[in-house]
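What follows is a set of structures for review.
In what follows, subunit A forms one complex with subunit B and a second complex with subunit C.
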Partner chain A sequence: MSSWDDDETAASAAEAATTDVELLKRAWRNEKAAPEVLRFDSPLVSRVREQIQLLEETLDDFADSGVDDLVVSLYQMDLDRTLFLLRSYLRLRLQKIEKYTMHISRSDDLLSRLSPQERRFAKSCAEIMEKHLEQSVLSKLPYGYDSVTRQSLSSTEDDMVPEPQLDTFVFCKTKSDVGAFQLDDIGEEVVDLVADDLYVLRYKSIKGLVEGGRIDLI
Partner chain B sequence: MYGRHASQLLKEIDSSEAGQLAPFNSDVFDQVIRECNEHNSQFQSLIRKMVEQNLDIETTRNEDHYGAAIHHLSLLRNKRCLMAYMYNRAEVIQSFRWKVGPVLPHDIQEKLHFSEKEYFKNHSAAIKSYISKMDIDLTVDMVPPKDPYIQVRVLEDIGEVSLGDHSVSLTKNSLHFLRRTDAEQFISQGLMEEFLE
Partner chain C sequence: MAGQSDPHLSIFSPSEVEFVAEDEIVDIVPNIRMDALNMICGDFGPFFPQIPTKVPLWLAVALKKRGKCTIRTPDWMTLDRLTQVLEAERESPREFQPLPFHYIEISKLLFDHARDDISDAYLVRSLIEDIRDVRFHKVETGLETISGRTHAVKLKNLSAMEVNIVRPFMVRTLQAFYKHDSPQMIQQADNAGSRSTPVDRGPRVSLHF
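Then we have the complex of A and B:
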């Protein structure tokens, strides 16, 4: 911990912000690379928002007390970059929800990964899309073929819902030694995952590791 | 040949550039709907014929059964094509909300089916509701920031605008040094551009 001449609160705020910003950056990168929507990190987001507010207040104080312009623009840059990360993180999630709205609404597991506001958004998105499709296409089709999720009455399951491709390849980096890791159900492909190594794997096989935080997507 | 009109719709989606919409092809669309209803009435009459002959619909395999099967499958294919057409257009419309904003320019509006216009309105409202609940504007800051302030050149006369604690007069071709977040909304509407040395 280096010694700071400045205000104690500003220093500790800046330091705490670095760690949380790193976490946010990691969550953002994971969200960007993953084909499906990941778990919403609610405590992280609230902490980041608090720190953004703290930074904004610090900047206001600077404006009043006439601090050197360079320092002000450095703090402003930090604020802008953190804000961008937060906005992009939320945006990425919203766009994934938009894309797979019907699939998400049907799965309790996926719904549980969303924040309450996102859940409400997902629900309205699904309703709006259904209404649109019904109005334009389905109402004109004969009886028995007018379901949104099923092709016809003879379909045995919901076969018209678009789903994310979970077995796309992703670049990832391990954070710690995982050891021999089974890539598929049959036990045929086993890969030795060493710490800090780069891999290109199918997302489906490493899903659990990403959730547990032991592997990062790039 | 069954399904040819429907594949025309799909070709239209395929040939348009990413993020662009062709005008809604209501002629071909209505034709496909008509085909579907045709298939359905043919299907029904074939099934009725089999029932009148006291044949078990589930297990009998005669020419009527196969005819009905073809009509049923063609109907399904038409339905899938229609849904794909509307769904893909809807995805492009979603992207408009993020790229262009809550109000669509006239030339895009002309290309939309009336249900699509309603869809856009409702979808925008859902996004707006989320933004106001989270109290953080997600439609700015689309590109990672390099500088907190950027130099902009005004392309159209905007007039007096108050930014922060002072007001700026944005006349055509004037250069300003503005905060990035303030300038972004004008840049996305095409009223300003970034001035690069």
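Then we have the complex of A and C:
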């Protein structure tokens, strides 16, 4: 999907397969709107990083070969825009990882959604957090109340671990007709999802569609 | 509206909404010759004087600012089209007219940087403001109809900026109704004997507007 090989005019480029920037923009929007951290799109991020690097090198060459200022500044804008998207995407994820670090560290499924670097970050974040809580507060609490993850010994589950609110409502649009879609477990709530129409639905109900790329969060 | 200025609740700051809108394609008429641009976001040009060509809005504005092109008014932004849209908006209280998803951002950028390229700019601008007002009023009216029965909302043809502005309120409202209307809450109320009125747990209808 690299645009570097594309000789066609801008019009047909617009019609052709989605560019990496479009894909990154979609991943960024989904990540912004979703309450939980989504699957890291490793191939996309690698491709974008490559293209950024290539453009940075090209701009260096331009500086040496005296290319017109206007052209340089336009390419610079393209570079800046792409960098912004990438950085914001990565930062959003880091924010969510930091917020739900203990919750994520306990779930193999959630850990598998992170990039290797993010996994390292999550792990060290959880460790630092635990250590800090223990040193500053928990070690001073009476026995039975000093767990990082439970309020007290009588808690039946880990109730002190912040979790994302999956049943929050999100705005979304489908690219193609999905048809009748069941929102709840009992089959009372069914919605007909039509292409390009805008819906406000519970995130939990459409989680699968988001993962499969059939619905976009906006 | 509560939370309107808080980007965290709106998810996107207004600048971010504009950022996304800047990738929309517009027609420009360059007055210079320039080679094709092979950018990460796509390939554009080559550019010849007086030959119209398509570029993303951010690129068009950059060229316009340097006096290197004029920007063609998009078809939907003509006086005639917008007058029709405004009439249709006023006549259909439960529907939104189809407009480009980024109509607000696109028109703002064009007014800020290419006002001289838009015919009847002043009238067009006030038409768009009227359209925004009518549409927003519809959103507000629609919000009043949200109840505990609402499990989904359909907002066909709502635009990006409108979505972003209404998002915090709508999410919080739906969430509050969802929480307070859940079967457990109702059961507790019954057990406590606070009210004798039985709640109609009939099929939940999705709300359209």
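Here, the second predicted complex is superposed on the first by the 200 of 218 C-alpha atoms of A that agree within 3 Å, B and C clash if a C-alpha of one lies under 4 Å from a C-alpha of the other, contacts with A are read in each partner's own complex, and residues count from 1 in each chain.
Quick note on the criterion: contacts are C-beta pairs under 8 Å (C-beta built on N, C-alpha and C of every residue); 3 or more make two chains touch, one makes a residue touch a chain.
Every value quoted in this text rests on a predicted model; they were computed, and no experiment measured them.
*Asks:* In the superposed model on subunit A, is it clash or fit for subunit B and subunit C?
*Replies:* In the arrangement built by aligning on subunit A, the partners subunit C and subunit B fit side by side.
*Asks:* Quick check on the superposed pair: does A:81 touch subunit B, subunit C, both, or neither? Answer first, second, both or neither.
*Replies:* Both partners, subunit B and subunit C.
*Asks:* Between subunit B (first) and subunit C (second), which does A:70 come into contact with in this model arrangement: first, second, both, or neither?
*Replies:* second
*Asks:* Let me test your reading of the model: by the given contact rule, A:46 touches which partner, first (subunit B), second (subunit C), both or neither?
*Replies:* In the superposition, A:46 contacts neither subunit B nor subunit C.
*Asks:* Which holds for A:19: it touches subunit B only (first), subunit C only (second), both, or neither?
*Replies:* A:19 sits against subunit C, while subunit B stays out of touch.
*Asks:* I want to verify the contact counts: of subunit B and subunit C, which reaches more residues of subunit A?
*Replies:* When the residues of subunit A touched by each partner are counted, C comes out ahead.
*Asks:* I'd like to know which partner A:201 touches here: subunit B for first, subunit C for second, both or neither.
*Replies:* second
*Asks:* Looking at the overlay, does A:152 come into contact with subunit B only (first), subunit C only (second), both, or neither?
*Replies:* Touch status of A:152: first partner only.
*Asks:* Tell me the angle subtended at the Cα centre of subunit A by the Cα centres of subunit B and subunit C, rounded to the nearest 10 °.
*Replies:* It is 100 degrees after superposition, to the nearest 10.
*Asks:* Considering the aligned complexes, could you tell me the closest Cα pair distance between subunit B and subunit C in angstrom?
*Replies:* 6
*Asks:* Please write out, lowest number first, the residues of subunit A touched by both subunit B and subunit C across the two complexes.
*Replies:* 73, 77, 81, 84
*Asks:* For subunit B, which residues count as touching subunit A in their complex?
*Replies:* 33, 36-37, 40, 72, 75-76, 79-80, 82-83, 86-87, 90-91, 94, 98, 113, 115-116, 118-119, 122-123, 126-127, 129-130, 133-134, 136-138, 140-141, 144-145, 147-149, 180-181
*Asks:* Mind listing the subunit C positions that touch subunit A in their complex?
*Replies:* My answer: residues 11-12, 19-20, 22-23, 25, 34-35, 37-45, 53-55, 58-59, 62-63, 66, 68, 151-158, 160, 163, 167, 170-171, 174-175, 178, 203-204, 206.
*Asks:* Inside the complex, what are the residues of subunit A that reach subunit B?
*Replies:* 49, 73, 76-77, 80-81, 83-84, 86-88, 90-91, 94-95, 98-99, 117-118, 120-121, 124-125, 128-129, 131-133, 135-137, 140-142, 145, 151-152, 154, 160, 162
*Asks:* Quick check: in the complex, which residue numbers of subunit A touch subunit C?
*Replies:* 3-4, 6-11, 13-14, 19-21, 25, 29, 32-33, 48, 51-52, 55, 68, 70-71, 73-75, 77-79, 81-82, 84, 167-171, 183-184, 188-189, 191, 197-202, 218
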